[in-house]
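Same chain, two partners: chain A is paired with chain B first, then with chain C.
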Partner chain A sequence: MMESLEEIKARIQAAAPGVKIDIVANGSPSQQHSLLIDNEHAVGIAKFLRVDPALRLDFCSNATGVDWLDRTVKKTVKVKKLVDGEEKEVNETIEGKIPGYLEAVYHLYSITHKHGPVIIRMRTADRTDGARLPSLTPIWRSAEFQEREIFDLYGVRFDGHPDLRRILMWDEFQDYPMRKDYREPDDYEWEPTPHDEVLEKAKQHYPPRPAEEELKPS
Partner chain B sequence: MSEQIDERLRTELQRQGVWVTSMQDLYNWGRKNSIWPLQFGLACCAIEMIATAASRYDIARFGGEIFRPSPRQADLMIVAGTVTKKMAPQIVRLYNQMADPKYVIAMGACAISGGPFKQGYNVLKGIDRYIPVDVYIPGCPPRPEALLHAFMELQSKIDSQKLTGAHKAVHLDPKQPSEFPVPTFGKHDLEPPGNPVVFQPPKIER
Partner chain C sequence: MSATVQTLEAMERPPVSMGSRLEGELLEVSMGPQHPSTHGVFRMNVALDGEIVRKLKPVFGYLHRNHEKIGENTSYLGSMPYTDRLDYFCSMTNNWAYALSVEKLAGIQVPERAEYLRIILAELTRLQNHASLLGFLLNDMGAWGTPLMYAFREREKILDLFESLSGSRMMCDYMRFGGCRVDASDDWLVGAKKIVDRFPKFLDEFEELILGNEIVIGRTQNVGKVSAELAINAGVTGPMLRACGVNYDLRKVDGYGYYPHFKFRIPLGEHGDTYDRLMMRALEMRESVSILQQAFAQIQPGPVLNPKVKIRAFRPPIGEAYGRIEGPKGELGFYLISDGGPNPYRYRVRPPSFINLTILEDMCLGHTVADVMVILGSVDIVMGEVDR
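Coming up: the complex of A and B.
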């Protein structure tokens, strides 16, 4: 039986004080919670997870990306206010903005101990220039192509990756197709049975309706 | 068959042991019974194509069993599977390298129109956007019988091609193109997204 994420977190922080680790709870029935590790110490943490004799997470089965757009979060806060010369507690909604970021998620297993997965995440500073993360390919070789795929489809640059190129799309391609704000090229000029979103796109290619005067019998 | 020879006269002559034919008939008879396909597959349709070539369905019955690994030696391109935008220039280039006369079978939903990936960003919405297609086979993937049917359709097409006259076969007309521009990788899509000489989207009537 593998130790819990809380225990893993405590052991990492005991081994290397000052390392920032958060546990990201997963509310779904799978209950696959994950460790959010800070980018600065990510390679060190990854190495610890790999070589620690109790964990021995020697197999990175999957690495993938997640795109989080800018979000606005509404919070109701009780604020003391002067109402009619009297101090009262009033509910007030505050809109907070959470800037968007990109995530890389790694699923780790141990072949030696036959346990897992331990899921670790890293977050970029933003979705534009700061979309950089340390590469974990030096720790798990199997992450090489998958990090290239994250780079190709999400636009995360991995520092320390031995060969960071596009892997699925061509080199001249400039978009990141898995990002939520990606718009594919408009070639909807011929859709035999369009519906929903596709219908809206196809409608832009429809010939204009004849004016009503033209329809009247003369 | 041929219009140049009277059918009744020919039957009568055959009864007497004289076999009469025309250059066109002989030429097309030879061509249609030894169609050499280009040996390549793109996706799951290729598995059905392999099954068609194997003993159970046996495309050799129609003279099409010699899959050539070089476009220089092939007459028929079976586009068996999904054509991704990254692969499309290579398909067009292979087509250009084939010697005339050459034919194309678009096998399966993906090669015809993009199929289940039609609304995606990385799959070509039909190979007919870049090269002319002779026979389309629907299906996902089509059964080997469907490929054989397409093969027989192609044979009857070859058989009916004229060698001379105003309606002669495309490959005999030097004015008709036998090579088509290879699309290039653009910043957002293939450039151009289609060849208007080959492909015009059907007009939507309202």
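Coming up: the complex of A and C.
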């Protein structure tokens, strides 16, 4: 049997003090809870998980992205208020905003010990185009194509990835189609007609034609 | 022979190539996407030194239709027929992997007869997938037609079984959350048993035909070797991983479905070369036949669908689940996140043949162009799954 996530967390923090790890509970009957690791120490934690003799999570099965939009959470809080000159406890709803982020989720198994999964997740600071995460490809090569896919479809840039390019969409594609707020264009086949910007480009590329007088034979 | 004394300066100078070979000039060739041996629309950018591969970059996406996004915009049940189109050779195992993940997500039990039917159909799928893969691989090697037709003759019998059970040869859409869509009649089971009983005879014939063939051995042995460490680290699964000698079969490790009730062996390779990968398929088919015969002997009448599951208007509790099965091509997984709504918030397919391609370059380096075709054929890819 594999040790529980609490034990894993405690052992990582004992090995490297100052590392921030949270356990993300999963309410579904699958009971697959996960570890939220901080981006700064992610590569070190991943190395620990892979090398540690009791865990030996040598097989990164699945790596994927998740897009979480900005969310508003409503909380009911009891507040003491003066109502008609009397102090009473009144329920009040407070709206809290959780800013959106992009997430990378890794499912790790051990082929040596045949146990798993240990799920680790990393979160970006925001959902802008420059969202960054450390790459775990140096630890598990199976993440190579999958991180490229996350970059392609979610727009997370992985620092330390050996070859971060688009993989499924074409290279000139601009947007990130798996994001929740992605709107597909009306026409994928649209090409700019030879006006305006294209004409401008063409002018820069080709020298202006010589005047007609110069072409005449002397 | 005369010895020449070299001055120190001459010795320090870098060696100048004087031979007939041009050094430093690589020829870049784009193989595919329209090429019969790339098994669909797959492209490799290859840098060649003469005939030797020095660099290989796979290019994906020609069949990309963002399956995952479509899955997020459809109900849970609506994605079931669409999983058939991932790996269109093995729609039954695709259905099972998806159904298993949803069952994990919602905590659904499956009746016993449905589990047996799932195993029967998954193993039949494995038989026809491996048989046709061997045929295609021989096709890539230049054995035009004959082995492939032998394989397809058997595959067609199994597809007929699928058709009479589910209504479709390849796009079966047979499994549901908590069981299977329809029950198999006794006649169907008898007919399936007959086909399975005759299958070893085909295997004897087929192995006689190809596995001892001198050309096959010459083309596959010591070609595209992978070490076990690299295979594990690169996430290679399925017969490709076991060809490297790594004993990892999810039917044993996870023991999903009713597989713990069955007796079967896991064939393991030794060298991790193309020949071992080819042998894995041949040996696994023997084990699948044995599993099928046990299943036909053990299956009991009973319900095939859990009546408590509301398949329509299905809303699993909030949470996430990752379920995986041993597909014919490797570990096929589905990762689902539910936000309590009728559609999954996140629907992710872990495609085995896509991730098995991670080490394609490592396998091909130093081999000839003709070997690239054989190595790619032994990976067993289906572009519907790779590009999604």
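Just so we're on the same page, the second predicted complex is superposed on the first by the 184 of 218 C-alpha atoms of A that agree within 3 Å, B and C clash if a C-alpha of one lies under 4 Å from a C-alpha of the other, contacts with A are read in each partner's own complex, and residues count from 1 in each chain.
Methods note: a residue touches a chain if its C-beta (ideal position, glycine included) is under 8 Å from a C-beta of that chain, and two chains touch if they have at least 3 such contacts.
These numbers were taken from a predicted model, which means no experiment stands behind them.
Visitor: Quick one: classify A:Ser28 as touching chain B (first), chain C (second), both or neither.
Guide: second
Visitor: For A:Pro177, using the defined touch cut-off, is the partner it touches chain B, chain C, both, or neither? Pick first, second, both or neither.
Guide: A:Pro177 contacts both chain B and chain C.
Visitor: Tell me which partner A:Gly44 touches in the superposition: chain B (first), chain C (second), both or neither.
Guide: A:Gly44: touches no partner chain.
Visitor: In the overlay, answer first, second, both or neither for which of chain B and chain C A:Pro138 touches.
Guide: In the superposition, A:Pro138 touches no partner, neither chain B nor chain C.
Visitor: Check whether A:Pro185 is in contact with chain B, with chain C, with both or with neither, and answer first, second, both or neither.
Guide: first
Visitor: Under the stated touch criterion, which partner chain does A:Gly100 make contact with: chain B (first), chain C (second), both, or neither?
Guide: neither
Visitor: For A:Met169, is the partner it touches chain B (first), chain C (second), both, or none of the two (neither)?
Guide: In the superposition, A:Met169 contacts both chain B and chain C.
Visitor: Is it chain B or chain C that touches the larger share of residues in chain A?
Guide: The partner with more contacted residues on chain A is C.
Visitor: Name the contact category of A:Ser61: first (chain B only), second (chain C only), both, or neither.
Guide: Second partner only, chain C.
Visitor: Name the residues of chain A shared by its contacts with chain B and its contacts with chain C.
Guide: Residues 168-170, 177, which sit in both footprints.
Visitor: Over in the complex, which chain A residues touch chain C? Could you list them?
Guide: Interface residues on chain A, with respect to chain C: 26-30, 32, 58-62, 64, 66, 105, 107, 111, 114, 117, 119, 140-146, 153, 166-170, 177-178.
Visitor: Which residues, counting only chain A, touch chain B once they are in their complex?
Guide: 168-175, 177, 182, 184-185, 187, 189-190, 198, 205-207, 209
Visitor: Note which residues of chain C are touching chain A in the complex, please.
Guide: 60-61, 64, 66, 68-69, 104-107, 230, 232-237, 246, 248, 253, 316-324, 331, 333, 335, 337-338, 345-346, 348, 350, 354-355, 357-359, 387-388
Visitor: Would you tell me which residues of chain B are touching chain A in their complex?
Guide: Interface residues on the chain B side: 85-86, 119-122, 125, 185-189, 193-194, 201-202, 204, 206.
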